[in-house]
């Protein structure tokens, strides 16, 4: 598929992820709690991946950091982001493997994001994604100063996941895009 | 399929949406919170779309406005309704596209409605659907006076979604009903 | 399939429904709330219907009444049970129709039960099923005196659903068991 | 498939189960409650079973005991673990049966674990799995002394499930691994 529609589909998907996830946190967080926020992030990805996964693969990465780590040390925050991004990317690689059940990919990826948020909102407010940290950080200079963490850590985690997946399954996905087509 | 059964199936589905969603809000809202209400709306659509999607396509639009926007301005309420209806209709167009995974359409649409409610119950009590606003508004004259908002905004949002989908995917769905058959 | 295995599978499924649903209400109800109880009932049916649906069809009806209607009149309780059983059975008929998506039947039925519980736990503690009312009613003489309601109302609701489904879809399911085989 | 990749996939899956489930309990338990913890355990298994089920079958058993039974007697705790492990293993046997719907196995198994946790966290903190009890018990000598319970009870429950499944369905799974291949 041409690049234009794919970029547009990713834009719509990322818009929905930020709107539903961060929107729920800001507008309804007090009422629905961390559980509601975790579900909002997960369901946003799940639903939009079903909607435009056939157009662009449904990555939706560029998003936003909900806040800044406070009671946890920077090392704890970095480790959390690295490990959870590794899990997230590992699941994505697994469920987009040609041997995985057909059609369930958006379900598994969306619910992984829910589980990731359930465990880590209290630690880092959860990013697992570099671009995501730069969206709302501008609204808070303290958060902006810590942005490098949410850029570097997820990239390290993703590299760990790719390596682990290749070693474990013997499948090297470096040249294959996660929607199954050749990577651009 | 003949029009009669399709109308009847839509009536049953809409009845279930209003009963489960608004019923949960009114009867159990205090115990289950906004999260429970959001799940009730989403699961009502998810389940009935599996049940009669093969009869009528499962639109279930005519519903009800839970209340009236209070602490938010009318502009904020209108924008919220426009944007969320656009997302909702965009997802519906995407998951009923012939390239989307078969069988997951009701799941994705229902959970989109859950995510839409999670983010917007505190702003507008959520409508995303014109007919929906006229069902219970009669019980509250203040709500009735604002009904035009919940009629106009979703229609604008739906038009935005249809245009965006056509531009992004190159697929013009105007003459195709969302159950895949020709539109009546 | 022979009757013995089917009876045994239904017994296991019903056991799990009562254990997970009523067990959650009694043991963890204070912590997880009505939302948790509603999910427990729904997930119990969803999971066991995937597990033994291929053996017995997965009805799991005989269960239990969580308590007795208190602040609502008997008429309100009866109407609630009739209407919700009608919806529940209507969904079951729809998703077991040969035109419904294959494989999603347990998902839709289980989540319908969750939605049914979300809306009606505060009214009748939810039965939607005659046998269900006789399981735990023995522990409470007041509940026992009202048991006839939870026997008669669901049967009326089920008849309404069967009739509505036949009228709407033109498909008469009276001689077809819901697992698709001939009714015993 | 060779044993190495299968062991590695199980290690990753078990790591995710302990991280998401116990991590949520410890780090976010106060905010998301037992419902959030139950969802975290279930979604961890659901997602990783979709990711590596095609590599190793997705067992992920070795995990951790969240705490030690306190207000319940040892007999109650043992019975709870036996019965819930029996249900859990029975569902696994059912949904991996060749007659069950294809692709839904991880969904059903993960949500069974959620339902199991919903009902039993207040009783035993839920183990349903021998190895699971030995992971974190080392941090608490009282828990360590009760570990035998969480080893013996799940094994008894699993045996009950295997026997029940064979008797009910006539399918003896002893020589068949749950991923459908021959057991090692």
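For reference, chains read A, B, C and D in written order, and residue numbers begin at 1 within each chain.
Convention: a contact is a pair of C-beta atoms (placed from the backbone, for glycine too) under 8 Å apart; a residue touches a chain by one contact, two chains touch by 3 or more.
Chains and their UniProt names: A, B, C, D = Aquaporin.
This one's a predicted model, so the numbers in the text were calculated from it and none came from an experiment.
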{"item": "Equivalent-chain rotation between subunit C (Aquaporin) and subunit B (Aquaporin), CA atoms, steps of 5 degrees", "value": "90"}
{"item": "Distance from the mean Cα position of subunit D (Aquaporin) to that of subunit C (Aquaporin), given in whole angstrom", "value": "27"}
{"item": "Geometric centre distance via CA averages, subunit D (Aquaporin)-subunit B (Aquaporin), whole Å", "value": "37"}
{"item": "Subunit C (Aquaporin), residues touching no fewer than two other chains", "value": "33, 35, 102-103, 105, 107"}
{"item": "Graph class of chain-chain contacts, one of line, ring, star, complete, other", "value": "ring"}
{"item": "Contact set on subunit A (Aquaporin) toward subunit D (Aquaporin) in their complex", "value": "33-35, 38, 83, 87, 90-91, 93-95, 97, 99-105, 107-109, 111-112, 114-116, 118-123, 164, 167-170"}
{"item": "Subunit C (Aquaporin)-touching residues of subunit B (Aquaporin), taken from the complex the two chains share", "value": "5, 8-9, 12, 16, 19-20, 23-24, 27-28, 31-33, 35-36, 39-40, 43-44, 46-48, 50-55, 102-103, 105-107"}
